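First chain A sits with chain B, and in the next complex the same chain sits with chain C.
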Partner chain A sequence: MAAISSVKATSDTHNGPDVEYEKRRRFNRRVSRGLVAPALIFSIALTQIPFVVTIIFSTLNWNQLRPDEIRFAGFQNFVEVFTGGDFLPALWSTVLITSSSVILSLVFGLFLAILLDRKFPGRAAARTLAITPFLVMPAAAALIWKWSILDVNVGMLNWGLGLIGIDPVAWNTDLPVVTIVMLLTWQYTPFFMLILLAGLQSQNREVLEAASVDGAGAVRTFRAMTLPHLRQYAEISTLLGTVMLVQVFDPIAIMTKGTGGTKTLSYLLYERAFIGLDVGQAAAFGVVTVIVTIGIATIALRTMFKVFVDGEVK
Partner chain B sequence: MRKLTGALLSGFTWFWILLAFFPIGWMVFTSLKTETDAATIPPTFAVPLSFDQYREVWDRDFAPYLLNSLFASITSTILVLAIAIPAAYGLSIRPVRKVQDVLFFFISTRFLPVAAAILPLYFILKTIGLLDNVTALALLYGAMNLPIAVWMMRSFFNDVPREITEAGQVDGANLRVEITRLVLPIVAPGVAAVALISFIFAWNEYFLALILTSDAARTLPPYLASFVDGRGQFLAVLSAASTMAVFPVVLAGWAAQKQLVRGLAMGAVK
Partner chain C sequence: MTTRTMWRFGVPAAVTAGVMTLAACSGAGTGGGGEATAGGDGGESVELTLATVNNPQMKDMEELKSTFESEHPDIKVKFVQMEEGDLRAAVTADVASGAGQYDIVTVGAYEVPQWAQLGWLTNLSPALEADADYDVADLFPAVTDALSVDGDLYAVPFYGESSILMYNKDLFEAAGLTMPDHPTWTEVADFAKQLKTDDTAGICLRGKPGWGDLFAPLTTVVNTFGGQWYDTNWDAQVDAQPFQDAVNFYVDLLADAGQSDPVSYSFTECLNLVQSSKAAMWYDASVAASILEDESTSAVAGSMGYVHAPVEKTTESGWLWSWNLAVPNTTKNQVAAETFVKWATSKEYQQLVGETLGWTRVPPGARVSTYSIPEYEEAAAAFAPLTLDVMNAVDPKMPGVSPQPWVGVQYVTIPEFQDVGNQVAQLVADAIAGRTTVEDALAKGQTIAQEAGDKQK
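And then the complex of A and B:
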């Protein structure tokens, strides 16, 4: 919009009113199309075509062990997806793991953001250390947590718990969901923290000071002014965090291998295709997973567009 | 009194920060121990430290995997920049509604689960003989990071004052000059941020690498698991390998902290 109005303004002063403006607009549109096309083509070729092929695969009776017997199976694979008894538990695991990790990361992220918003000795260093879990390669994090932190015998967590008199816990085998959620919360808290901290720091300091001069206590100021201001930031971080966490695969493959209620849709699909070797079945799971994700993503996108396109958060 | 509360609060903050950082600090510390010292309970602190485990990691053929990781991450980052910068510029100069559709499309590709596309990718690559090929992996990482890059770059281009590009056109500067001379210097920090984010995501990617590579093109994330040894002690050598694997990205992320938040929020938060 800004572009249109400013272009119009200049062309008006140049005395060749709408003709020049139209020319400029058409030129811009052509250039724009040329510049965007490579990205669009590349993106469609590498991300959309595979999805279409997945749909085709999902109608086939195709096991990799019998590559000569590929036949058309109609909706048979989908019937098996819904009657096989694996889909609903996987959907539940996905929802459970994603939502607990998102909520916990949001809470811890807000907690750390509030602490880091204060000026204190070594604040820059503290911030640097605090973001590191999000930078660490997830595969490395999963391995280190599994063997060095959560191991029954030599894990640091059990040692720490032992100091306060709690018996060792076999995290990976007895509490697999807790294990995964714990790791994901650790990894994603910095992500939420960074966005919420940006929100806290963008507050109008003068207004906050005025409030405290007028006698509003810290708690009241926080609830009446900071929380509403943070809402948008919480929304953005929750949406983007959910999108990333719903697809999580690495810690499940490395730590629990889908046991004990950690078999999420991504992992189930992987298992069917590359361990079970049933291509048609796995593709059907893929299609259903995409439909579920589109449901979540549509809600997410609608909210995001309100925030992103109408105006960046200031 | 107020001073005391402040000091307590600072101590409290540092306690939580150090707790969160502990697994990483412990990984680095463990990597400097011997295997026996690494696997004792209660944990050992005053033990001789050395870089022996790092030599051990290097001797176990770390280099080819490191090179694959570097190649896939750098190539995909260059590719993303080459495609995303023009696209984002195009989207920012085009004053029409369709921009929203295009942006919507890009972001939706990022929202769809990669797992659902993995089967066709696997069979297509297998058919054309590009399974276990690091260039193919780099192309896929490019597609993976493209939407974030387009969104981020667009937000940086939107910051460029209109007067600057307009002035260029009045002077008769052509488009390429406009972009390279006038606009790019202003958005240079944005380009750096996009490059870093793309590099970080590509470097850390595990799922595609696990399935689409086996040996020749294998990158570090799936390779790390091979340091887990079912029979003997492996904590120290695993820690050393992990430390080496996470090092480049952690450094890059630390250096780019300021841009990181904007990148992670796809340009929506400054």
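And then the complex of A and C:
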């Protein structure tokens, strides 16, 4: 529209049509704003109103089972968040569980992606099978792990350990964090694999051929050519994977119930809201969680972004 | 893309992610609603919406509702079945906000007195007492005690249960041991240590954190060791010596002779273990006996023995739980709802279940007369006399050795208790796993419990 108006402005020297044009332009702008408005209002309502309501809730003293005691409490809930001693351990658990799962999934995902990038009979079937864990419902996956894989008496993993002479491990009791990280890694490796596989397949075969003609071995080619090429794909998968893993809830609710360092922020929030029935405090935890997430996300995205730019410059 | 655009993209994305986490959490509580009910008390036809837990007994009730509907052609009943946790959240939200989408709700014994005091439930006494055939006096007094406020009944028990000690007679015989009718915990611990082998647990006990999981049996142990959650002044007694002794005993017993991976275990897990003969004893809900004795699904049917809950300083130590039918105050169909509640908890209903579905499926623990139905006595011979005995013996007003300011055995009827019980259970689970000591766990638990106690003063 800007281009048209400049053309018009130069061709029309008379005053009259110019004013008329200005009117039409305003009208057009109003129409386009009117057309965009519903979508804009809808998205603001959808994303921001719940957040504002949460902030309002966070200033109330409101336990669902004490409806007669709902009143304004100022920052009391926030004081409790920081003095209660639950928040920092939960933040640490979230960081620990998320980062270990992401790193392990990335490593295993890369390994699987490289294997599946090769041509072999039954490759399509192998790929489908490798993706399956990601398609299983999180709650169902947690139940399968709890009953079929990790159970002390009949679990497959302990049976396997028994074959090599290791005593059964009480995973959930003794190693809760490892249990959760193991399950999440199993579940999210296919996701990382998919993205990295797409990266591998977009690699130019001629370049690789040229490298091998120049006498570079498989390891050298992988390190010098493939890994730098995969960098962006690894970063994108890490970013998306972190976003998904940070809100993990099902395996913790089903298996460890938040014991032994597995009480992540999302589980803590659930506990405050649905076991504590304390709407005000849960909302305060939610608000603080959002602020902390924004903080961490900002730092992560900024450092990550530098890497993106570096990658493009090369 | 430049730094600025990425930054602009990143923040709204993070905000949205955070908001969505919150929205997802709050959404979970509002699921499973029913449609608005049609008609009123005087109307032509009424549809009642009943929110209930998805227990087998409740599914039986749904199966039999057509009998009620043919007896009362103007009333239709719609069942909304939910998991226990979802039901609690959905019904609390509905009743607390006065939305009124449910005409009848199943409420646990823990919530009934609290909700009654908040004025959320209809007083059922007038309707029940007006009907001579209904026979209110036939309901177990211990159960109705826990459902009454100032002598008025705000919910009717549909089925009730206590806790008993179950043991595998084959394993006891093989080890040359005899189980007394009223064992003490000291004896049980002794048996458990003798029966423990590499692949068989001496005893299976709940270790999964949760006020309704770990702390259901553990609170009865605390009671019989002379401890309690609160004294009559609402001062927490969690770090007092008897409470500590009880928890130490429980944790040590699990470590010495319990199942492996105790933190994973609650009712269902122990049931599996016992059914595969991998646990010699099991202390849990009496309702388990009817599942263990079901010959079509249980490999140990006929080889299990049942005795009273182990004691230490009290004479009985069973817990008391019931699922009850209540009518929220917000219903527009009170009369019709009361009619259905009466039907589902009547003696005739028990006959109906026995005759159409089988006598082992009669809801236990609600009516004394259930235990004198000849067919039921025969079908449930292995555990019915004991259940009757225990249900008559438990005292929810003073289950331990000291008086308490609430009515209830394995729970405290204050709104904060599920939170307190849950947090302390997590601390005790850490002690079970050896990550902390019982002393440290209970010291923290005392602070948590005291905060809630202060709100009662």
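To be clear about the criterion, the second predicted complex is superposed on the first by the 248 of 314 C-alpha atoms of A that agree within 3 Å, B and C clash if a C-alpha of one lies under 4 Å from a C-alpha of the other, contacts with A are read in each partner's own complex, and residues count from 1 in each chain.
Here is the rule we use: contacts are C-beta pairs under 8 Å (C-beta built on N, C-alpha and C of every residue); 3 or more make two chains touch, one makes a residue touch a chain.
Not measured: the values here are computed from a predicted model.
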Examine A:61 and indicate which partner it touches, taking first as chain B and second as chain C; both and neither are also allowed.
-> neither
Practice prompt. Report for A:266: first if it touches chain B alone, second if chain C alone, otherwise both or neither.
Written response: both
For this session: Go through the superposed model and pick first if A:115 touches only chain B, second if only chain C, both, or neither.
Result: first
For A:50, using the defined touch cut-off, is the partner it touches chain B, chain C, both, or neither? Pick first, second, both or neither. both
- Query: Counting only touches as set out at the top, which of chain B and chain C does A:33 meet: first, second, both, neither?
  - Reply: first
Query raised in the report: Taking the superposition as given, does A:286 touch the first partner, chain B, the second, chain C, both, or neither?
Result: both
Checklist entry - Looking at the overlay, what does A:247 touch: chain B (first), chain C (second), both, or neither? => result both
| said: Contacts for A:226 in the overlay, against chain B (first) and chain C (second): which applies, first, second, both or neither? | reply: neither
In this superposition, the partner of chain A with more touched residues, chain B or chain C, is B
By the touch definition at the top of the document, which applies to A:76: first (chain B), second (chain C), both, or neither? neither
Overlap of chain B and chain C contacts on chain A, residues 47-48, 50-51, 54, 153, 243, 246-247, 266, 269-270, 273-274, 282-283, 286, 289-290, 293-294, 297, 301, 305, 308-309
Per the touch rule above, chain A residues touching chain C in the complex are 47-48, 50-51, 54, 63-68, 146, 151-153, 168, 170-174, 176, 243, 246-247, 255-260, 263, 266, 269-271, 273-278, 282-283, 286, 289-290, 293-294, 297-298, 301-302, 305, 308-309
Per the touch rule above, chain B residues touching chain A in the complex are 6, 9-10, 12-14, 16-18, 20-24, 26-27, 30, 39-43, 83-84, 86-87, 89-91, 93-96, 100, 102-124, 139-140, 142-143, 146-147, 150-151, 155, 158, 162-163, 166, 169-170, 175, 200, 203-204, 206-207, 210-211, 220-222, 224-225, 227-228, 234-235, 238-239, 242, 245-246, 249-250, 252-254, 257, 260-261, 264-270
In the complex, chain C touches chain A at residues 1, 3, 6-7, 10-19, 21-26, 28-29, 85, 89, 92-93, 96, 114, 118, 199, 207-210, 259-264, 273, 276, 278, 415-416, 418-419, 422, 426, 429-430, 432-435
Chain B partner, complex, touching residues on chain A are 1-4, 6-7, 10, 24-25, 28-29, 31-36, 38-40, 42-43, 46-51, 53-54, 57, 111-112, 115-116, 118, 120-122, 126-141, 143-145, 147-149, 153-154, 156, 159, 186, 189-191, 194-195, 197-199, 202, 233, 236-237, 240, 243, 246-247, 249-250, 253-254, 265-266, 269-270, 273-274, 279, 282-283, 286-287, 289-290, 293-294, 297, 300-301, 304-305, 307-309, 312-314
